[in-house]
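Shared between the two complexes below is chain A, which has chain B as its partner in the first and chain C in the second.
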Partner chain A sequence: MKLKSILENYIFVFPATLIFVIFYLIPFIWVFQLGLYEWDGIVPAKVFVGLGNFKEILFEDRIWWDSMRNAGYITLIALTLQNTLAFLLAWACDRQMRMKNFYRVLFFIPPVLSEVVVGLVWQWILDGHYGLLNGWLTYAGFPALARSWLSDPHTALTTVAIVHCWKGFGWGFLIFLAGLQTIPRELYEAARVDGANAWSTFKNIMLPLMMPVAALVAILTILGTMQGFVMIIAMTDGGPAYHTQVPVLRILASMRGTSRFGYACAQGISFGFILVALSFIQYRFSRWTRDSA
Partner chain B sequence: MTDRRAAFDELARRYEARSGVQVKFELYAPSDAYAQKVRAAAQGDNLPDIFGILGEKQDFASFIKAGHILDLTPSMQAEAGSWQQSFVPKALALNEFPAGNSYGVTPGIYAVPIDIMTIQMLFNKDLFKQLGLDPEQPPQTFAEFLNIGRRIKAAGMQGLVSGWGEVWMVNCLANNFAFHIMGRDKVLATIRGEVPYTDSDWVKVFGLFKEMQDSGLLADGVVTMINKNAERLFANGKAVFAFNGSWCVNVYKGMNPGLNYGVMLPPRIADKYPVSIWGGAGSSFMVNTRSPKKAEAVAFLQWLTARDQQLYLSGATMSLPANKDCLAEIPEALNRFARDLELSTHPNTWGIAEHPQVLEALGKGIQSIIIAEKTPEQVASEVRKVKERQTARRRQ
Partner chain C sequence: MMKPGLYKAKRIIINILIHLFLITVAVSCIVPLGWMVSSSLKTQETIFKDMSFIPGEFHFENYVLAWREGGFGRYFLNSIVYTASVVIGIIIVASLAAYAFSRLRFPGRRILFLMFMGAMMIPIPGSFVALYVLLNKLHLRNTALGYIVCMISVGLSASIFLLKTFFDKLPRELEDAARIDGASKLGIWWHVAMPLARPVLAVVVIFNALNVWNEYVLAMILFDSKNLMPLQRALMVFQGEFLTNYPLLMAGLTITALPIILVYLLMQKYIVKGVTAGATFG
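Right, the complex of A and B next:
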């Protein structure tokens, strides 16, 4: 009877386990294995190169590290600008304000739009020839500020980062809002009765209670932004030169541009390790700040 | 390719009515997605009976070596080679691996060209008039070309537009310049590693892009421009020059049927070697070796590339036919691209291929020159380093 029960349990989990093994575990192991080979993705024969691909990534592929720096820059802007904006808007919508439900919907529209569509629309807005932004700047009396925002090496990366923030702040807004709504109102009222001002309420009640939420938003921002590439393909395809290249674009370039599937896998593994490390650091940092608070 | 769906479907209908064999065309966009789809199908051994490959000649060779592509040489040479002789030789050469090729492929013809293209300079005749230039006299020399650039800048117009956000298209013009300045042999010697990219001729090639930028000849934002945007700007009369392929005839016809433009060769820089353009390449179809319908597939391709079908396809899609017997009957708009076919060359006919990493460094380097971030000498030095690294890696 007991054996039958055990077998039944295994049969229940078998389909899910099979799917996990076929679509997650085997490809995962395969990627690790391919990272040790030179392979063009077509011929059956693969050349074993050991850790050669990883060595090349670490010591020779300057563009890979440049792309990592670019992704880091976009992430930094997202962590600061995007998340500050998301928090402030969530805070505003958490208070008693008119039309707050309308704003909640409005702020969540950009994240649900297709990244390709958003990229192409912003490319059109920012275009140096017929872009709306340059048209507005000229109309407003600032023609000197008009430029090819996405083709100018001085503005391309920051412009891409700002568009990314516009597209992504809705997620942070939603999570911050949910977090703010879990804070009991009595705490604010008690603080007010005790004579606490707005800053003191923010510092001593809201901030400590929102730290776990902020940590979650930060981790999601880091992971989402570092892996972002669709909008960049639509807006600049990594150009001008290498100014808006990001790691996933480099992995794609290795696969479809230079047909180096093994190298692309090695890049993917390296990138995965970096993301795990960043998330771990962020997690420890947020725990430390929460404990300190 | 998807813009040709109606024409291909019509040809399939005609073939079924004639032979009783049903043919189904499946067209995909964007091209990158299709390229990956074909690779995945090759891995899974489920390629269709007839397919195309988008990529470098090296990818083509890999498909052959993996046993996915039928050698069409016996069919081509049957009946005194009548099928082989029906094609524009340059178009067929792209699909051929000659004896002693560096790809290690058994010599033979492995694909059938369906159409061909050339990439040329185009100029807007109406904007030429506005600049006070003779619209029937496009610039012949590079100095004249730069002078027009200065006029464009002074008039506040946009100069040359092209899809230079994509590396291959900027490399295409660089190759034109390189063939013209140093000749085919020296370019191929560079690819073989016998001449460094820091050679003065290569620095001169890179320098031409700086001169074009400095004169005002290049449109703002050309370094991130995708070709579709470049085509829109030129079709709407917003740019004086375009660097585009013969497929643009159909595109401009759709965007602005009244566009008044001319086609010109890239301007002459030196006298030792003739001006060169990219051409000959187009869409090619391969037959799956493992298909149980190989014979039917070959028979269909023979029918598809015959004169009548080629003329229909050319007229319906405004593309240059691969069948040489049709070239005399194509519309004038297309003929402007066909008449310089003898000056054309293409990397896939060189028998040797540059490392993709070097091509990327070259194209991105030229973008850096255009945005005034690097000098031609710096780019030459960087490309040389990439070349040396890749050559060493391949030796290992």
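Right, the complex of A and C next:
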């Protein structure tokens, strides 16, 4: 009876576990195994190269590190511009209760759209010859500012980063707003009775209470933005001349462009380690600022 | 101290500035979509000259062309089939597992649960390379079934987490009563626990539906045949083939974006709930 009952219980977790093992766990293990081989994905014979792929990534693959730097640049802009914007909007909405829902609905439209849709629409708006942005700039009397935003090497990466911010700020906004609304109103009342001005209320009440939320938003931004690439495929496909390459695009290029499956896996592993390290550093840093505050 | 009148004037000005800021950002969220719809109603000739938001003539035939000749009707159907299959699959598979993790005892329960949760936290950017190899071996690449099972696996961990947290908070009295009445475990799961879980099931459905409808990477890697492609992949293929046919591309984009926006507007309560639930997990 007891055994039958346990077997019965396993029926509940069996389908999930089966799918998980085959389509998550096995590929996960294969990535680590394949990273040690040179393999074109077709011929049955894989050539064992040990850590050769990793050595190549570390010392020879300049484009890989350039792509890492590009992703870092986009992430930096997202961390500063996008999250500041998200926080300011959340703060403003927290004060103006009347229209809050209206704004909240609109701010979360970009995040629910697909990266392909957002990328292709913005590519059309930013088009050098027929784009809406250049049209407006010319109309407003600044024709000198008009340019091919996405194919000019000087502006491509920053433009891509700003579109990322447009698509992503709604997430931070929602999380910040939820955080702000957990702060009891009485705290603000008490501060006002004690004669605190707006700045000291912000610094002494809101900031310390919002620190954990800010840390969470920061970590989600880092992990999400570093791995983003679909919008870039839709807007520039990594061009002009590698100026908007990001790591996952390089992994795709190794796999589909040069048919080096082992190398693609090694790149994936290296990138995964960097992401884990980044979130660990971020976690320690946010704890440190909280403890010393 | 300021005079009350002056103080009030200052408050009003600040309020106006805040609303101005909020409205500017809100408008910036809509303008690109408005431009997309506007461009989808122009012709190949007017689209490069006419910069007005409301075109002189509305060429709705672009939608007919995109739907038939552009193949977006077929891609739309594919997206619907994939989204529905994956969501139904996840609802059944994830809720079974979540119910077991919350209510039933069996050896290995904790380790199994931690495994699912770990998958949610460890990023593996190269996993699609191995997934491609695996599906090739299983002869599931370039098949609808292969794509559907992969997407079920993608949504599994987060769905199990959401459902388990819900079941944990659920009182057990009803289930106990059903057991005394002689109901089987599967019967209790289906007839008692699932109906009670409706609010959280709504969150699971919406998030997974958005996720599948918007998915691009696996669709790009797994599908070669055009007639199997979902909308997101087909849009990129269309853009590559008809580089300058912007009216039809914009019509295709509108066809792709519209259902998502409608679902979002109708279900935003659940979406907000889901985002904040996801946030408290981290």
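Structure notes:
We take it that the second predicted complex is superposed on the first by the 271 of 293 C-alpha atoms of A that agree within 3 Å, B and C clash if a C-alpha of one lies under 4 Å from a C-alpha of the other, contacts with A are read in each partner's own complex, and residues count from 1 in each chain.
As a working rule, a contact is a pair of C-beta atoms (placed from the backbone, for glycine too) under 8 Å apart; a residue touches a chain by one contact, two chains touch by 3 or more.
In this text, all values refer to a predicted model and were calculated from it rather than measured experimentally.
Taken together in the superposed arrangement on chain A, chain B and chain C clash.
Of the two partner chains, neither chain B nor chain C is touched by A:51.
Within the superposed three-chain model, A:24 lies in touch with chain C and out of touch with chain B [touch as defined at top].
Taking chain A as the reference, the larger set of touched residues comes from C, when chain B and chain C are compared.
Contacts of A:145 after superposition: neither chain B nor chain C is touched.
Look at A:277: by the touch rule set out above, it reaches neither chain B nor chain C. By the touch criterion stated above, A:41 is placed in contact with chain B and with chain C alike.
When the two complexes are superposed via chain A, 218-226 is the only one of 2-10, 38-46, 146-154 or 218-226 in chain C with C-alpha atoms clashing against chain B. Contacts of chain A with chain B, set against its contacts with chain C after fitting on chain A, overlap at residues 41, 129-130, 255.
Of all the residues in chain C, the ones that touch chain A in their complex are 15, 18-19, 21-22, 25-26, 28-30, 32-33, 35-36, 39, 47-48, 51, 92-94, 96-97, 99-101, 104-107, 112, 115-116, 119, 122-127, 129-134, 149-150, 152-153, 156-157, 160, 185-186, 189, 210, 213-214, 216-217, 232, 235-236, 239, 246, 249-250, 253, 256-257, 260-261, 264-265, 268, 271-272, 275-276, 279, 282. Against chain C, the residues of chain A that register as touching in their complex are 6, 8-13, 15-17, 19-20, 22-28, 30-31, 34, 41, 85, 88-89, 92-93, 95-96, 99, 102-110, 112-118, 120-122, 124-125, 129-130, 132, 135, 139, 166, 170-171, 174-175, 178, 213, 216, 219-220, 223, 227, 230, 233-234, 247-248, 251, 255, 261, 264-265, 267-269, 271-272, 275-276. The part of chain B that touches chain A in the complex is made up of residues 32, 35-36, 39, 42-43, 55-56, 58-59, 62-63, 65-66, 68, 158, 165-166, 219-226, 229, 233, 238, 355-357, 360, 364-365, 367-368, 370-371, 373, 389, 393.
Every residue of chain A that touches chain B in the complex is listed here, in rising order: 40-44, 56, 60, 127-130, 148, 150-153, 156, 236-237, 239-242, 253, 255-259.
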